[in-house]
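Next come two complexes, and both contain subunit A; in the first it sits with subunit B, in the second with subunit C.
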Partner chain A sequence: MTEQPQIHAGAGAGRPVSAPSAGLGSAATEAVPLPGEPSGPGQAVPPGERRRERRRPPDWLLRTLAGVALLALWELAARALGSDFVARPTAVAQAVPEVFATEKFWQDAWATIWSVIEGVVIGAVAGTLLGLAMGRIRLVRWFFTSYVSALYTLPMVAVVPLMTIWLGYTSETRLVAVALSAFLPIVVTTADGSRSIPKEYLDVARTFRAKVHNIWFGIALRNAIPYLIAGLQLAIARALVTAVAVEFLAGVPGLGYSILMQTRSFQQNEAFVGVVLLTVFVVGTRALLTLARRRFLPWYGR
Partner chain B sequence: MNSTDNRAARYAVYVLSLVVLAVVWQLVSAGTGPLLASFTATMTRLGELVSNGELGTALWSSGRIFLTGLGISMVLGLPLGLVFARFPLITAALETYVYALYAIPVITLVPFILSGLGFDFRAKVLVVVLTAIFPILISAMEGARSVPVRLLDVAHSYGSTERQLWADVVIPYTVPYAVTGLKQGIAGALVGTIIAELFLNATGVGDLLIRASTNFDSAGALAVTLVISVIAVALMGVSGVVERRFAGWREGLSE
Partner chain C sequence: MTRSAGRTPTASTGRGASPGAAPSDAARVVVSQGRVNYGDLTVFEGIDLTVKDREIVSIVGPSGCGKTTLLRCIDGLTRLNSGTVTVDGKPLNGPMPGVSMVFQHFGLFPWKSVYNNVAYGLKLQGAPKEQIEETVPKYIKMVGLAGFEKSYPHQLSGGMQQRAGLARALAVEPQVLLMDEPFSAIDAQTREILQFELLRIWEQRPIAMLFVTHSIDEAVLMGDRVVVLKGRPSRIHEVIDVGIPHPRTRDTLSTPRFHDVKGHVWDLLMQEVIAAERQVG
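And now, the complex of A and B:
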């Protein structure tokens, strides 16, 4: 990681420099730095010099060694337990080609991932609209704040049983639950972003007699984009958890359900391939969004 | 602009929004039959659950899991985070894996925990620890790592021992980050508790929710969900207050 001084747009002095995290007052729950993205106010420790003084081995070597050590530890622990109920790294690696060759694995994976994508898109569109309205219109904000922060704070998994009553044990339940889980972080972040517009922008807009839709979509939405990206990253992670929860609870076919079934029939290693795939999906989409932000909005810092 | 008027108006709208919810809920439920219990039916059911002690027992059972898991996460996560931050070798070696573990959706590990450990108290606490420990650990690490070099230099200049350095510089500097991490840890532990109570064998609030759902008792499910929501909001509210108290001076804090 290169630690360079973060540069940001001069106009927005005093605004958060690093990627904005989900906010809305006390409801901010998950503002933890994203993987591979150490954040925090101005990394003040310049690691370069201190490192050179101590002449330590390069980071990649340490990392690789630690990785090997961790896998070995896991392998040995699993062997010591000597149980078929525990996945082992070597066995998981062996299972990969076999699992990848089965059509069902990809069908299940696609079912789960597609429901997450679909749900996040629905949630994002609806969430952006409500978020913008909450950010720009005080009455709307006051009216919805308590619901949005209550639902945002409530673990969506707790709503799944209720949803199965209303929508049955179907993949529609999964889609609705996923969309709702994605909707809330997006509302919260978009509302934050469209609220924190630098005053000068609004003054200029007023001077040029900008129409309401110019302010909403030209200024507020643009200002909210980095927030929206942070919201999307949170939304995808939450949506996936909800999707798997619905699959567990309602037996809807998907990767979560097949993980559950495989662990019940001594196929721990095969099942773990599914866990890896879902983790890669979350990390991958998150990295893509961060990349997009850096590419298209470089002034928002790393 | 008159700020007292403003505040009065805001609270008026808050109250109005709650009334609107209750009324809309009542009206909609009248049209949908038993699938959506009305507001009044939900409140009646909530009263029943409270008075027959079911809710209290369930909350106690889930609360124990939540608190034990959160406690373990703090006891392990905070010192580990500090150690990571102060020993660059350890950080360089393990940081990637900490973030990688944090990225795993814990819910997908539940079937493995179920088949490997069973569904007793320990297994459930493990689920909570897995959801709560990483934000705590990572925040402590980030906090301790961002101690400005000049503070450390000054302490060194005045001949601080390592112990004094920790007590007077590193730990005080880390507190605001740790508090924020703790808040995120509480949010994680909430999710973990619900997951553990629903998907390892259903006990506590999970049991109430599952039973309500299989019996099509929408009043019961709504009542329990409402209670969980109130608890979650209260916990986040309290930790928000604590955060502002201890971390008010930190940069980049949301509101």
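And now, the complex of A and C:
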């Protein structure tokens, strides 16, 4: 009976539980974590350890456990039903090495992910500029607000077939669609952020006779950064959805397209590996953005 | 309307205690017939006010009397609907160089360190790098924030944040310093410390200062003259010469003169409150 939760030392699970749980998804899935029982005082607690964390296992452990439990449930259900049409987590895991060894998988994955990165960068730069203008200039706001919100609610998938007519069944279509779907959430959040500047900041700037560009880029943009980060999180998720949808609908080569093809040829496990990779990408970028926010905007809460 | 409570500040008020600190007659700020209204609601009207060089003028009045609005008009952040403001003889047309303001909620940028917050005004003026590197640490030290240059506002207490706000206002070496209830968001003990520190700083380099507050004690302690705003719309009800010499210290608070002036201002403002309550009742 110890005070700290213990990890059953399985392969690759040498990390002490008391270490800060900064990593996401770094929990070793092979190791079986045993939650420690809370017991009386007396054990040495590393400095800086909060009381709450002594009494119950750390968050990431609980989350990993929940994930493992869900996968186990899935596995059991698939086996109980005896269906061969439903992929099982264990089978997917077994397919991983084989899929990872194929060059095409990485080519496809890179094509999709790169188009998302490119599209988000283009959408973010353009969206930030329009968002700033909408936040700071009443006329621009008045002109664009209803159009931006209309486009924002429009599912981008709906216009993809039209885009193929304009731009062909090409990766350019994918890039344009991705950039557009990343652009809109950035515009909306940046406009909010650069509009909702505490009045006193503007008073200070005006007292010191700030020029318009000082206010735009020195204050409005800085104030909008937390909003911009929230917008980026939305943008990346939307961009990925659009990228996959374009690949489905326009047959543009990429991970989405190969998932579709594999599914059609009953290679479910292989398709799932692609799905998992896309998920890891989104979760990873989200974690990076959260980290960036904590690192660079420490005053902005958690 | 000026009631000269005792000696006039321009005469022998003993301010010679700090040589060279005697108020010159140069009028730094002149407001004449100032009026501000929001639609049908007139906030204040008929305001005539002069702040001379090396003089601290406190403005007190009930909530909503337009003290802060008047200060913002002098800063050029708000326009008078009629009347004029001149600073150093020049009619005001937006914020002027040589005028700084300290804000009620500090107005520090959370993304800038103390150093960069204090340097903000100088940087906007396009001051050369050497000047910034020389001036900023000087004022950070003056307000007692040495060692906190790299801290961010959220890491500081309210009192320390306002020290940074004061340093930022002083760093541009203004001729006129506008204080908008600078200590009202700060706890009582810290507030008292900061009041005396501000007096020390001012006594080192006396400039024209306007001090808006809702605390009568603070108005009398800080001010060479106290302007009482009253009525709806508000007007200058009375200007009181405090007549307590500088340097002012904690002992000032226990002098009979401080007590008398404070009592007088209190009576003026209480009449208003009582009248207002009668109207409501």
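We take it that the second predicted complex is superposed on the first by the 225 of 302 C-alpha atoms of A that agree within 3 Å, B and C clash if a C-alpha of one lies under 4 Å from a C-alpha of the other, contacts with A are read in each partner's own complex, and residues count from 1 in each chain.
Assume a residue touches a chain if its C-beta (ideal position, glycine included) is under 8 Å from a C-beta of that chain, and two chains touch if they have at least 3 such contacts.
Since the structure is predicted, the reported quantities are computational estimates derived from the model, not experimental observations.
Visitor: I'd like to know which partner A:Ala271 touches here: subunit B for first, subunit C for second, both or neither.
Guide: Only subunit B; A:Ala271 stays clear of subunit C.
Visitor: Scan A:Ala158 for contacts with subunit B and subunit C and give back first, second, both or neither.
Guide: first
Visitor: In this superposed model, does subunit C or subunit B come into contact with more residues of subunit A?
Guide: B
Visitor: May I ask you to decide whether A:Tyr201 touches subunit B, subunit C, both, or neither, giving the answer as first, second, both or neither?
Guide: second
Visitor: So, does A:Gly168 touch the first partner subunit B, the second partner subunit C, both, or neither?
Guide: neither
Visitor: Pick one for A:Trp299: touches subunit B only (first), subunit C only (second), both, or neither.
Guide: After superposing on A, A:Trp299 lies in contact with subunit C but is clear of subunit B.
Visitor: Is A:Arg209 touching anything from subunit B or subunit C once the two structures are fitted on A? First, second, both or neither.
Guide: Touch partner of A:Arg209: subunit C, not subunit B.
Visitor: Return first, second, both or neither, reflecting whether A:Ile219 touches subunit B, subunit C, both chains, or no partner chain.
Guide: second
Visitor: Need the overlap of the two footprints on subunit A, from subunit B and from subunit C, as residue ranges.
Guide: Comparing the two interfaces on subunit A, one with subunit B and one with subunit C, no residues are shared.
Visitor: Name, in rising order, each residue of subunit B that touches subunit A in their complex.
Guide: These residues of subunit B touch subunit A: 9-10, 13-14, 16-18, 20-21, 35-36, 88-89, 92-94, 96-97, 99-100, 102-112, 114-116, 134-135, 138-139, 142-143, 145-149, 177, 180-181, 183-184, 187-188, 190-191, 194-195, 198-199, 205, 209-210, 212-213, 216, 218, 221-222, 224-225, 228-229, 232-233, 236-237, 239-241, 250-252, 254-255.
Visitor: Spell out the residues on subunit C that touch subunit A in their complex, using ranges where they run on.
Guide: 72, 75-77, 94-95, 97, 99-101, 103-107, 109-111, 120-121, 124-125, 152-154, 168, 172
Visitor: Quick one: in the complex, what on subunit A touches subunit B?
Guide: So the residues of subunit A in touch with subunit B come to 16-18, 21-33, 35-36, 38-47, 50-51, 56, 59, 62-63, 65-67, 70, 83, 85-87, 139, 142-147, 149-151, 153-155, 157-162, 164-166, 192, 237, 240-241, 244-245, 248-249, 256, 259-260, 262-264, 268, 271-272, 274-275, 278-279, 282-283, 286.
Visitor: Report the residues of subunit A in contact with subunit C in the complex, numbered from low to high.
Guide: Going through subunit A, the ones touching subunit C are 198, 200-201, 203-211, 214, 219, 222, 225, 297-300.
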